[in-house]
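The same chain A turns up in both complexes below, where it pairs with chain B and then with chain C.
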Partner chain A sequence: MQPIICVEGVTKAYNESAPILQDVTFKVEPGQFTAVVGPSGCGKTTLLRCIASLMQPDTGSVLHRGQQFKEPPSWLSIVFQDYNRSLFPWLTVRKNVAFGLRDKNGRAERVLAALRSVGLEHAADLYPWQLSGGMQQRCALARSIVVTPQLLLLDEPFASVDAQTRTDLQDMVMDICRRMSLSALLVTHDIDEAVFMADKVVVLSTRPARVVEEIEINLPRSRDQLSTKESPEFLHLRHRVYTLVRQQAHKSTIVASTDRT
Partner chain B sequence: MLGIVDPRDVPSFAAILQAAASGIWGGELLFVVLATMSTWAPGLLIAGIAGVVAGVSLAMLPRLEIATRPLLEFLRPIPSVAMIPVALPILGIGLELQLFMIAFASIWPVLFATKAGVESVDPRYIETGRMLGLSRLMQVVRIVLPSALPAVATGLRTASAIALVLAITVEMLTGQPGLGFYIENVRLNGLITEMWAAILVTGVTGYLVNTLFLSIERVALPWSPDNRDQ
Partner chain C sequence: MTSKRSNIAPLAWQVSTLLAVLVAWQWAAVTNPTTHLPPLQLIFTRYLDLLWGDLLWSAVAPSILRLLIGFSIAVLFGAVLGIVIGSLRWFEPFLRPVIEYLRFIPAVAVLPAALLVFGATDTMRIFVIAFGSVFPVLLAAIDGARRAEELLTDVARICGLSTAERLFRVTLPAASPLIFAGIRIALSIALVMMVISELIAADNGLGYYILRSQRLFQTANVYAGVLMIGTIGLVLTLFLLTFEKRVLAWHRGWRGLSNTKSA
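Coming up: the complex of A and B.
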């Protein structure tokens, strides 16, 4: 089966400046949960925007099952970090979730099902700004899954909520991906989160970002915030990813200090 | 008293209130207010529609904005009343002149508030629309316009007060029926108490118009940041 997403030699620069992405190549297989980590500011979000086709790479390509695509496609959904800027404040939770559905048939049922799977059916008629941050992010999640996509792009989706909410959301996202057989691509700076949630972690270098290493996470799929995170395998993988990211971050400090002299 | 003001020019507040009340209930004043409002409303409607259309267009079409900027910057600071000598020979005394003057004066706050509202739409909203497969047109209809509504409402409320001022001014200058003409008329006839009563009613009308617009905003735009806590 062709990969859901195949990123091939993607390079991207903003107006003549030094490139953000340099020859980035990796794949997301069907049903796979992939996490992309890297030092902060390395270009993770730019990569995600190229994959979502919100911007076009300068060179290289992004293929879906071997095909190119130009506009944000319907088989792909995205959850942004800043939920309060992506949910529409003039629409209720229900209407926000229904916003992307073009098909009128069974619309109400589908919206309700999506709201149920994120536990928000009781808040359907409230406005997003009447909800807590975690509930808003669940609303954004419901909106992204109601269109039954094949791939979920997650751009630091848990970065703006408190620690307790974050772990709840992680469990919820993993559960939804499993139940809907969704592939997911999570961009995060949180190494624990990446190792805990993913089947594969792609480590990016400092700017210009390229893939340093791909690490298979061979932990059993049913994961638990306590037992999984205490297992020796988890700690070992976490250590490996952490070391790689820290090496990269360290390089960027050296580059920065030599720049200054 | 200090003798600066002739007491005959300043009737007691009780007398003014009484004249206002009897003017509104069973007197001429109610019809005078209604006459003013009957030019105010269509004048404001024209300004509202034209202002929103122009504001959206200028915000969405940068080339149009650059091309029309000198014209707009030339027209905007002209005191509306100074346009009367220009408009009078073309439109003549009557409803057309009144509507033109009201619309000319009150279009600006609508236009500039709408333009600012459209320009300040969060780009993340647009991106979300693109991700959900909305066409350019639907992005405008379903995202840009709703998101600009609170700004449009504020512009309309400001315009409603300006429109009232212009309606009354034009009545004063051209003798069309309404509060402006009434105030001039009773003044010339020495009916000082009635004049003060009409001025009081004018102020109350302005206050009520503003309150009406605020209430509509609260009901129609409960999500607007200004209304969220109420």
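Coming up: the complex of A and C.
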């Protein structure tokens, strides 16, 4: 089967500055949960925007089952990093979720089902600004799954909520992806999160971002916050990813200090 | 508690101030009868004359009609054009100087030109009203569209909305609080332009009624006409505020929240 997404040699620079992404190449296989880890500010959001076709890469291409596409396609949806700016403040939770649904048939039921799967059915008639951060992010999640996409892009969706909410959301997202057999691409700077949730971790370098290594995460799919995170396999994989990321951080400080001299 | 009291006290003050003005007027009119200060009951009778009978059709109705048409054109045109200009980020800087310049032309100054182009017609008066009141709406819509959250536009693109749908379903609601502020300013300008446009070469409308009454030294009619204009402005403003309150309920909650957060 062709990969859901094939990122091939993507390079991107903002206005004549040095490139943010340099020759980024990797694949997202159907039904898999792929995580991209990279340090803060390395270009993760830029990468997701290129994949979603919200912007076009300078060189290279993004293929869906071998095909190119130019506009944001309907088989893909995103949960953005900044939940409190990505919900429409003039729409209730219900209408925010319904926003992406074109066809009127069974609309109410689909919205309700999406709200149920994120546990927000009781808050359907509230406005986003009346919700806590975690609830807002669940609302954004409901909006992106209501269209039954093939691929879910997640841009550090758990970065700005407290630790407890964060683990709950991680479990919720994994559960939803399994039940709806969604492929997912999560970008994050949190190594534990990446290893815990993903089937494959793609490690990005510091600027310009390149793929340093792809690591298969062969942990059993039913994952548990306690037992999985304590298992030797998990700790081993986490160690590997950590080492790679730390090498990157080290390199960037060397580059910075040679720049200065 | 405190907010309730601070609402009631000014209202009581407002009513008593109004009463004081009326009493003073009446006292002056009675003790010192001249044609300049007709007694209140006479003004009131003339005011009622404007509300039913022939004058309703020859003075009040034409004015209201022109006002509503001109003002609606200004609101529609200003909002739609402003949204489009404001969301074309590369285009806006080119248009900005033109709009800023046009804005400084008092609509009154356009009146003679409008008279030449359209003649002494309703079209001329409606044009003048619309021209005068379009700028606050236009500028507010441009500003509102420019300040609309770009991330929301991205959300709409991911949801597969076309450019036109995005303007209507994202940019317009995002800009609506500013647009409403512009509309309120526009209404008062429209009222001014309505009266002025009816002072020139008119044969109906409230402006014409006031002017003619003044020439015939019917002082009470002049005041009744002025009061009627005030009434129209008041009623339309109340309509507008009620509408705004419903449409922008989300904005008060949202802004109220971010205010308490930042405080």
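Keep in mind that, in the parts below, the second predicted complex is superposed on the first by the 261 of 261 C-alpha atoms of A that agree within 3 Å, B and C clash if a C-alpha of one lies under 4 Å from a C-alpha of the other, contacts with A are read in each partner's own complex, and residues count from 1 in each chain.
Criterion: a residue touches a chain if its C-beta (ideal position, glycine included) is under 8 Å from a C-beta of that chain, and two chains touch if they have at least 3 such contacts.
As the structure is a prediction and not an experimental result, all values here were calculated from the model.
Look at chain A after the overlay: chain B and chain C clash there.
When the two structures are aligned on the shared chain, A:Ser227 is found in touch with neither chain B nor chain C. Shared-chain residue A:Thr243: touches no atom of chain B or chain C. Residue contacts after overlaying the shared chain place A:Trp129 against chain B and chain C alike. Of the two partner chains placed around the shared chain by superposition, chain B and chain C are both touched by A:Ile78. Of the two partner chains, neither chain B nor chain C is touched by A:Ser40.
Once chain A of one complex is fitted onto chain A of the other, the partner contacts of A:Arg102 extend to both chain B and chain C. In the three-chain superposition model, chain A touches both chain B and chain C at residues 52, 54, 71-72, 74, 76-78, 80, 82, 85-86, 88-90, 99-100, 102, 127, 129, 147. By the touch rule above, chain A contacts chain B in their complex via residues 52, 54, 71-72, 74, 76-78, 80, 82, 85-86, 88-90, 99-100, 102, 127, 129, 143, 147. Residues of chain C touching chain A in their complex: 149, 151-152, 154-160, 169-170, 173-174, 176, 250-251, 253-254, 257-258.
Residues 49, 52, 54, 71-72, 74, 76-78, 80, 82, 85-86, 88-91, 99-100, 102, 127, 129-130, 147 of chain A are the ones that touch chain C when the two sit in their complex.
For chain B in complex with chain A, the touching residues are 122, 124-125, 127-128, 130-133, 142-143, 146-147, 149, 221-223, 228.
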